[in-house]
Amino acid sequence: MKPDAVELLRSMMLIRAFEAALMSRPDHGFQLLSAGEEAVAVGLCAALTADDQLLCSGRSIGPALARGLDPNLVMAELLGKSAGPCRGKAGRGHLSQPAAGFLGAHAVVGGNLSIAAGAALAMKLQRRPGIVACIFGDGACGAGALHETLNIAALWQLPLLLVCDNNQISVSTPRSEALAPQRLSDLAQPFGIPGATVDGMDVLAVRDAAQRFADRARSGSGPALLECVSWRFATHSTSTRDTRPAGEIEAIKARCPIKRLTAELEATGHLGRHACEQLQRDVDAAAAAALRFADAAPYPDVSEVLTDVY
Amino acid sequence: MKPDAVELLRSMMLIRAFEAALMSRPDHGFQLLSAGEEAVAVGLCAALTADDQLLCSGRSIGPALARGLDPNLVMAELLGKSAGPCRGKAGRGHLSQPAAGFLGAHAVVGGNLSIAAGAALAMKLQRRPGIVACIFGDGACGAGALHETLNIAALWQLPLLLVCDNNQISVSTPRSEALAPQRLSDLAQPFGIPGATVDGMDVLAVRDAAQRFADRARSGSGPALLECVSWRFATHSTSTRDTRPAGEIEAIKARCPIKRLTAELEATGHLGRHACEQLQRDVDAAAAAALRFADAAPYPDVSEVLTDVY
Amino acid sequence: MFFREAIARALREEMQHDERVLLLGQDVGSFGGSYKELVGLHRQFGSERVRNTPVAEAAMIGVGVGAAIAGLRPVVSITYMDFLMLGLDPLVNYAAKVRYKTAGQLHAPLVVKTTAGAKRQGVAHSQCIEAWLMGVPGLKVVAAGTPADAYGLLKAALREEGPVVFVDHKRLFPTAGDVPTGEHYTPIGRAAVRRRGSDVTIATHSYMTLIAVEAATRLAAEGISCEVVDLRSLLPLDLATVCDSAARTRALLTLEEGQPACGVGAELAFRAREQLDGLRIARVGALPAPVSSNPVLEAACIPDVERVMHAVRHLLIP
Amino acid sequence: MFFREAIARALREEMQHDERVLLLGQDVGSFGGSYKELVGLHRQFGSERVRNTPVAEAAMIGVGVGAAIAGLRPVVSITYMDFLMLGLDPLVNYAAKVRYKTAGQLHAPLVVKTTAGAKRQGVAHSQCIEAWLMGVPGLKVVAAGTPADAYGLLKAALREEGPVVFVDHKRLFPTAGDVPTGEHYTPIGRAAVRRRGSDVTIATHSYMTLIAVEAATRLAAEGISCEVVDLRSLLPLDLATVCDSAARTRALLTLEEGQPACGVGAELAFRAREQLDGLRIARVGALPAPVSSNPVLEAACIPDVERVMHAVRHLLIP
């Protein structure tokens, strides 16, 4: 087991704690939570460097924090405060901080795929060292955008890592009702793009697969499609009802990627109970601080309604 | 060799003769010709029945005639005359005659794919015996429409036969520059849809493959993707310049599906030289008659500009 | 009855009447639609006729049109009007033109139901692009402002021979209002006067009708009498009702939630002035900016009661 | 110089100046564009910077925007404006909003070049939907009517910080006109007076400018003096130039090839009347029908010199 596994654990725990803190402010409107899917974002980001850029779907809290964005700023943005990197204009669904390697979220399902390809084209033509990674849901795999992007990425051998966070559901629609392919990573095959499917609840498996594909893209060998099979713990958004039976949700929660890594680290002696509790206190404190920071920050001034349009 | 091979030959010859006649009227504007690709339309249509519907791209002369539309009416439509099935409103690119099993052409590349799926859904839900076939170009394989349609067709097990007339070029862009997949029929694989690639210059091969997939769809076993590798003899449209070197075009023309079937039929004794010449006279006469019919027909009245809008 | 229930009722009745009616869309199944406006339909009609689709707006509309020309009467639900953009090709380039280009051989009785408007969902889930559709010959476009019209217009749309876009609104689903218990159809192409008045005509549609009525109520206290016309149908436009009203009031305020540039109000103003010389006109719409999910910025961007009141007062300054 | 050559020249110069400029589109390579308006670029700049794409309008614009936010200055060629519909999601929902939603962290210097208008290509290759774009904050929209402006506006578009849609026209490519040999930029947001006159102002854009000038020439023989304003920029609109002219003539005819409903003329009329009380206004646009490839029906549908002359005469009846 690599030494940075504890860091991955901390990162996942931070996301979970951050979302718990966020949930104490339902007055700020609905949010799309990453709980259950932390391993996908964290595993992927472990394979990215400062030269790279990450894009994602509207389910963006996990990706943003995994990419290393300051929780204070992320919380401010989500609550619509001007201390956010987008001055509260993006809010949920459109969070970004390009200077931190996070081209960010776009709430149109599948909408970020071709944009990520374009960013990868720029990287390649400008001979910059980075690659572009893009996280999207299983839902996006029904959209033509994936096909068009796979084809162009393959033709132009773009340094692009497409990561499907397949939580097996789109709002209420189970993946099986919306997607004919047995394995979503097979969609890459006809284009000659390498694909792999990994357990998205296993952060180390995600990281290793992402690392392999990222190295490949970095070396100029072109794009890849990584499918991470995960489970969504919460409802689609915090204002959406769940159609899954309560028992099923309990079973899903038992597969928690945080519990799983914790158990592994404890079993292999890489993490003691005490250190684990300390981690929890740390991330809880960071989340609480983020909420305090965001609460203290002002809303944007009403005049900003007309700034940065052109 | 099946006894109807001579009929297939006649159908291909009619398309060729029809287009030659049409070309004597450049004053009517550009046309998208099917020369070289007759075997695809004719082979497919040999597998369709009166219960079925055919859709195609803007390159629609071959498909329309192969489907059995009256050449007189087709010519009238192409020349914008009110004797056409669409009263000259459709003209090139949008020709149709649904009552004859030809839902017809749509000049948006890839635009007919999902429409064909919808028609197939109607067939299925209304428990009608027919299937829907849709011819599209290699160019359309770069469009997301194909992906979305394959997925839905597979999920809903639609009686849909998708036929890619892969003439290996889109306007001036060679297929290799626009499409990463090695075999376009592989695009069906991830969806669990059967696919096959056949020689699109061999009308019997096209017919046999189409028959197999049509029977399958008819029996309720769902969609299929048939790729027919063909060659475009003419320029993209009659007003477009060619970027292919003259020598290449000569080589292409040597692969003529009509010559090929004629030679086979002659070699196997199914067709004598005399019968062949008679066929040629027949189709030439039919084409000339079509042109006379169309020439004699009036243009629509100017008042028709506002009819059939709603 | 709630607006959302009126939608479900209209669909239920039409699906009972006519086997050819079917519903396609994301999460239209047991989930019952993003705003519960389809609750119960899946249970009653099953997965054949109430079909969940993938997230593939282009194909959803394409499949809808294809099924329509082949004999069904599909309703395609596009959850957010912003994503209608993804399906404009089949809607505009095919559905709206198929009757014309086939000289009447084919027609496409398709209803596209979609939800416009802002409710804290941000730049790509808030737009109102109904004005785009008003320039598409071959389409009809309706937008209900009350539960009764949600019911009546949707039923009328399902009896049309050609494609109809039925626009509802996030903020309308939870509103309540009377819906006659007997079956009825709201004719497409007829506006409704929501409030009588004599000083100014406010012509609007969808959720903004509620804003207009509220502004009218508050302006009445200032001695200003507003007539509120709910357009209901945007294509065709009921110019007669607007002009009848404006001929009396001599002042027209158009109000829309979307962008005013090349908007509903611009069109209405042009046509009203062709009929009524010297009519005073003003328009209110969104500010020229994207609609943020930010509570401050969203509220600032889209029209509210204060802005309508201000515009009316300003219009009436002699 | 031909209009099509002016386009190639603008791109050539800007690609020489700025390595970040690249061209993406169907058949933009050695073929040189569907109207030969890109001839020579591929030979000069190679396949890295002049890239043929698959037929995938959505991804073409998406890739363009993505490259733009990441540091390039792409020109995406969408052969026919009808197919811009397929790419409206990345254009409207992303490119036009990215500066706003990131509060200026990102901007998208993207030019979408597309060809509008009818020239015997039928219902799905003839449309003019520029009015839709005029209601999209964050976009700029220009439409050249002369070779000099094709050159100057395209160069100006390539120096913008945000997305610009550059609309040309099938019937303009083979037209000729003077283009200054020195490098120049046509400022975006400024209309041009193409002909001076005193009785009526005709405000138009793109190919219709030629129709307007021709109508003006023929009306002069009847003693009617038309001033022709070529808008050139549709978003932003140069209201000042139109109003300066209309303030003198007291009559405004708007002319566009697209649908007039919620069109360019409706918007211009609304805004001109806010400035100029009692201005007489009429508009000319396509008839409310799809544009057939049929020679009789196409000609009947879109505006021609006769219709413009008729509308001017009618407008000037006291």
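Couple of notes before you dig in:
The chains carry the letters A, B, C and D, assigned in the order they are written, with residues numbered from 1 in each.
By our rule, a contact is a pair of C-beta atoms (placed from the backbone, for glycine too) under 8 Å apart; a residue touches a chain by one contact, two chains touch by 3 or more.
Since we're looking at a predicted model, the values are computed, not measured.
Of all chains, the one whose CA centroid is most distant from that of chain D is A.
Distance between chain C and chain D, defined via averaged C-alpha coordinates, is recorded as 30 Å.
The distance from the centre of chain B to the centre of chain D, with each centre set as the mean of the Cα atoms, comes to 36 Å.
One inter-chain figure worth recording: chain A and chain B are separated by 46 Å, centre to centre, where each centre is the mean of the chain's CA atoms. For this pair, chain A with chain D, the centres built from the Cα atoms lie 40 Å apart. Residues of chain C in contact with two or more other chains: 53-54, 56, 58-59, 82-83, 89, 93-94, 100-101, 122-124, 137-138, 288-290, 292.
Chain contacts: chain A has residues 89-90, 94, 106, 108, 111, 142-145, 148, 151, 155, 177-179, 304, 309 touching two or more partner chains. Taken chain by chain, the contacts link every pair, so each chain touches all the others. By the touch criterion given at the top, residues 53, 85-87, 89-90, 94, 96-99, 103-104, 106, 108, 111, 113-123, 125-126, 144-145, 148-149, 151-152, 155-156, 304, 307-310 of chain A touch chain D in their complex. Of all residues in chain C, only 26-27, 29-31, 34, 52-56, 58-59, 82-83, 120-125, 287-290, 292-297, 300-301 touch chain A in the complex they form. Those residues of chain B lying in contact with chain D across their complex are 29-30, 80, 88-94, 106-111, 139-144, 170-173, 177-179, 241, 243, 299-302, 304-306, 309.
By the touch criterion stated above, chain A contacts chain B in their complex at residues 142-148, 150-151, 154-155, 177-183, 186-187, 189-193.
Of all residues in chain C, those touching chain D in their complex are 58, 82-83, 85-86, 88-89, 92-94, 96-97, 100-101, 122-124, 129, 131-132, 134-138, 235, 258-267, 269-270, 273, 278, 281, 283, 288-290, 292.
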